[in-house]
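Shared between the two complexes below is subunit A, which has subunit B as its partner in the first and subunit C in the second.
After this line comes the complex of A and B, so read on.
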């Protein structure tokens, strides 16, 4: 037990030292991210962005003269470690915690923050149920899974397609997206001429393509992942069938074009949150320049940029309310914050803590096989 | 058991009992984790440490237990702790089904197959098998356990629940080790062929080792599910099996060693949290150092000692008390 006591004394000494170097009582903000494990690159991007923002903020004088102290904990991309990380953050006295990536991992930490009364802003967690529990201090900067279905249905209507074929792969994500879109299209009166699943991992999809062709759709919406979509595109071209095809964000992978070939992929479009290099907000551009200068690279995905957004809205809330208090922050973010200019567009939250507004954009594949963001 | 040993056990019990009074919720939670892994490693110890079967798929049985609990609780409203024996039975049944055809495999070959089992289970869970497991998102909203009307929710409550469970497990496994069954397993570990030749039904004993270990792991799954209130396939990855395997190997195969291993492998990474991403490096280094300097593990089981009955002692002409004969590893 000596270890424990030793570690505790050490921790105490360290925190005292840190406190002594700050000029005023620092505002403690927690970041929980997967620094180890299979999502480590994602977590390291999150840490880099938030550290960058915190450093810049402190250089500029902090929040109302108070320095911000960032407490980073590793959740390992695993629910058990995440629960420990959350315990650690809440006992270290943070007023708000950012994170994390992965819905199940976030969920494991939710009740811990809730019981401790700490604001939690999730970043890469899209499962619908996270905000449906009525937790007072839980918010997220990520879109919900059902939002993509909404955007897809809107897009199909806007493009004027009348007969839609829906194809999924029975994974909970792809099926969920297909079901959501189907329900919305049914309501809007658009005809669904085909609704079925393919078996992922196969090499030959001509059978299902022949079935699809018989249904004669205006458009095929395949919600599955890029390997299957790539095969479908290629075999569709080999059949000389010229129907447009669209996809969800699971198709957003550079290998798509490698599988299908450039010719077959041309004109294919899909929904996805914008990649970091495509973010057009001025704040995002200057942040990415600073990021490149400091870390010599760009963040791998938009999910880590959402951690930066979470940090900024917390700072904004503390600035506006004038106090570092969790209840005040949660209340401010849910009711008063409107159209905050974030990296990924304007940010507002609704009562449930979900982000209001579309994050999803349309990407189209051009003749060179590049993904081009559509205006 | 000597007096000094009894006092040292009592001392440990007292320390374990008062520890949470000195710790904050975070460290209490760390010790809950250590406790959970201790029981899991103890259950793996029957298979790996006692019978010497290279089994690296223990997370599969743990997962079966946790998922049975979660499904029973969220779908049919079975109280969590009531689900415990069923979780254990389900895991044991699963172990019997998958271990029966592979039980004759030896060494590394068995290891590879058991890795396959844990991967199959994990992928089946992700694929939402029978529409029950909730896919990659897992199952959420598992209710907190209640014990005699007391709701167990805080880290401190779980601390006592888990460590009481650890104490029971250690006691039972100790009895098991010294039973005919335990000796048979040790014999199999030392020499499979000799055991077979002496009339030990090795296939049957090996299978029962698997079933028993899985039963205990399944029950631990219940406590894990109750503690987390959400379970997802990530919690039962191949890595978990590796950690459990490492705990037993590092510990050396005795119950004390396993407990120490759990402390080191689960507790130490938390002490080194400050180093964040480098802590896994230290973990690897420690393993290499162990391999070179103490390949038998930290606390390997001590050889068995039995006091000879009075009669024999008279015949051999030795003084009472000091005489002891080693009959280690005989079934």
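After this line comes the complex of A and C, so read on.
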């Protein structure tokens, strides 16, 4: 009992103190991110970006004269820790929470925010099911896993390939992408001449390549990860077979070229969200300059930049509706916000809370083994 | 038909590597009736040692291509043989008179030790052999494209296997190894130093595994610390397939497994390749429980 009284007194004192320092009631925005654990570098980038934006906003006068107060909680990249973090954030009176990175981690916190009626905007969680639950106040700035398949099918059609070979590695991610692409290509009438899975972790894929060659495709779309893709590229070159090859974002790793060699990787292209250095929106350029000045480095991936986008759309919603109210924010974001100029391109949301518009870009490997963003 | 022969050469190249590693399993089993589960990791160590010798010491810059490869192979043979010798001394010899299960547990422990040691020393990321060592020439024989390295690899595997076969069949030491395999007590009575023979076996087997490691590194380019697991498992299968404890059996088993895998993925399904290979193994063991060329029943692991 003593502890409870102590805690209550402390909380009271703290809230009084805050009330005294702020001119008006501050708008509280929560950020839940993995500051520790295996994704710590992502989480720290997320915190850095959102802190930077909040500081800039407050310096410029806040939202309609109200200061923004950021409440950061660590989810440790772990579903159980995330549940605790979500409870802390919802009880601290935030109107909206940004986060988090991993899909499973986000999923563990979804119902807590939903029950508390707090808007949640996930930033790196791409699993399809998150927005299929009909949660009214859940949104995400990240693309869905099935969007990549859509973009891949579109790209294959745009490049005019008629006979497509699909190769995955039986992981749920790679198989999902291959299936998604296959379904769309079937619908569009593009011929799938080959569909099979390789065994990841092996060295010799010549048997697969020989079989692929007999199927005579115009393009090989291998949805697997970079070690296997690198070996395939290399052994394909050794067979003197010049068929083009493409991949998904699991191929986006600098070691790809190390494994395949520059010569074999040349001309290989893959889909991926743009890296922070390739973001071409003017807002992104100025934000990255400020980020560099403050933290002496650039964010490691695009996923943390999406946290910045989430912060900005929340601020935009509060500004436009004039209300620091969760229901109003969710409604505004899902129905009224159209083509907001974000860091990662234009942002709109659909009824489910998914981001509309593609984030995926095409990268091609040049003769020096560098990944070049294609226009 | 072209595709068939192409797949056949693909299978033989992979099978040659399996066979080289399988020799190490089978030799140790023949003499000690022990499955050396650390053998796959000795293969990994060979691959990494080769990587270090090629890159860190800049051998490829100092000696011309083929010379450097031979030199590195010799050094790796020496080093991995030494590790194999120490492994037997530390992990197996103290347990020789205890139950077979203890030795198996010790082998598994050694495997985990080696795998993690490699990871801690070299890191968990892929390492890449220098690209300029291997010849990039591709032979075209009647529409079948075979990279020259592949042929060299198959030839080197076959040469090593035949040399080993000759060594065990035609030399005095080879006879001592065979005698020890048949009956250790009787061999001792005949004046054979059984401990030295066992040490020698633990040097030859790992050395062959090490050579296979360097060959895989040279040909496929990438090495990582878990590679010994997949290859070790396949080579173990190959040894059982051919009849464990039997040297020609390991060669036949390895080549056969490689060819079954290649043809299975060509004519049935790539995803089912391993399932097909193991199905064949099961069928062969049902019909011939001792493996294709095996004489003894593999009753203990």
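By our rule, the second predicted complex is superposed on the first by the 357 of 375 C-alpha atoms of A that agree within 3 Å, B and C clash if a C-alpha of one lies under 4 Å from a C-alpha of the other, contacts with A are read in each partner's own complex, and residues count from 1 in each chain.
Keep in mind that, in the parts below, a residue touches a chain if its C-beta (ideal position, glycine included) is under 8 Å from a C-beta of that chain, and two chains touch if they have at least 3 such contacts.
Every value quoted in this text rests on a predicted model; they were computed, and no experiment measured them.
Participant: Could you say whether A:108 touches subunit B, subunit C, both of them, or neither, answering first, second, both or neither?
Facilitator: first
Participant: In the superposed model, does subunit B or subunit C contact more residues of subunit A?
Facilitator: Here the partner covering more residues of subunit A is B.
Participant: Tell me which partner A:239 touches in the superposition: subunit B (first), subunit C (second), both or neither.
Facilitator: second
Participant: Is A:231 in contact with subunit B, with subunit C, with both, or with neither (first, second, both, neither)?
Facilitator: second
Participant: Quick check on the superposed pair: does A:84 touch subunit B, subunit C, both, or neither? Answer first, second, both or neither.
Facilitator: A:84 contacts subunit B only, not subunit C.
Participant: With both complexes overlaid on chain A, does A:73 touch subunit B (first), subunit C (second), both or neither?
Facilitator: In the superposition, A:73 contacts subunit B only.
Participant: Could you say whether A:204 touches subunit B, subunit C, both of them, or neither, answering first, second, both or neither?
Facilitator: second
Participant: Looking at A:40, would you say it contacts subunit B, subunit C, both, or neither? Reply first, second, both or neither.
Facilitator: Once the two structures are laid over each other on A, A:40 reaches subunit B alone.
Participant: Could you list, by residue number, the parts of subunit A that touch subunit C in their complex?
Facilitator: So the residues of subunit A in touch with subunit C come to 170, 196-199, 201-204, 206-208, 210-211, 213-214, 227, 230-231, 234, 238-240, 255, 258-259, 261.
Participant: Under the touch definition given earlier, write down the residues of subunit B that touch subunit A in their complex.
Facilitator: Residue list for subunit B touching subunit A: 15, 19, 22-27, 29-30, 33, 127-128, 134-138, 140, 155, 224, 228-232, 234-235, 237, 267, 270-271, 273, 276-277, 279-280.
Participant: Under the touch definition given earlier, write down the residues of subunit C that touch subunit A in their complex.
Facilitator: Its residues touching subunit A are 3, 6-7, 10-11, 13-14, 125-126, 128, 131, 136, 138, 145, 147, 216, 220-222, 224, 226-227, 230, 261-262, 265-266, 269-271, 273-274.
Participant: Quick one: which bits of subunit A touch subunit B in the complex? Just the residue numbers, please.
Facilitator: The touching residues are 1, 3-4, 7-8, 35-36, 40, 44, 72-74, 77-80, 83-84, 87-88, 90-91, 102-105, 107-108, 111, 127, 129, 171-173.
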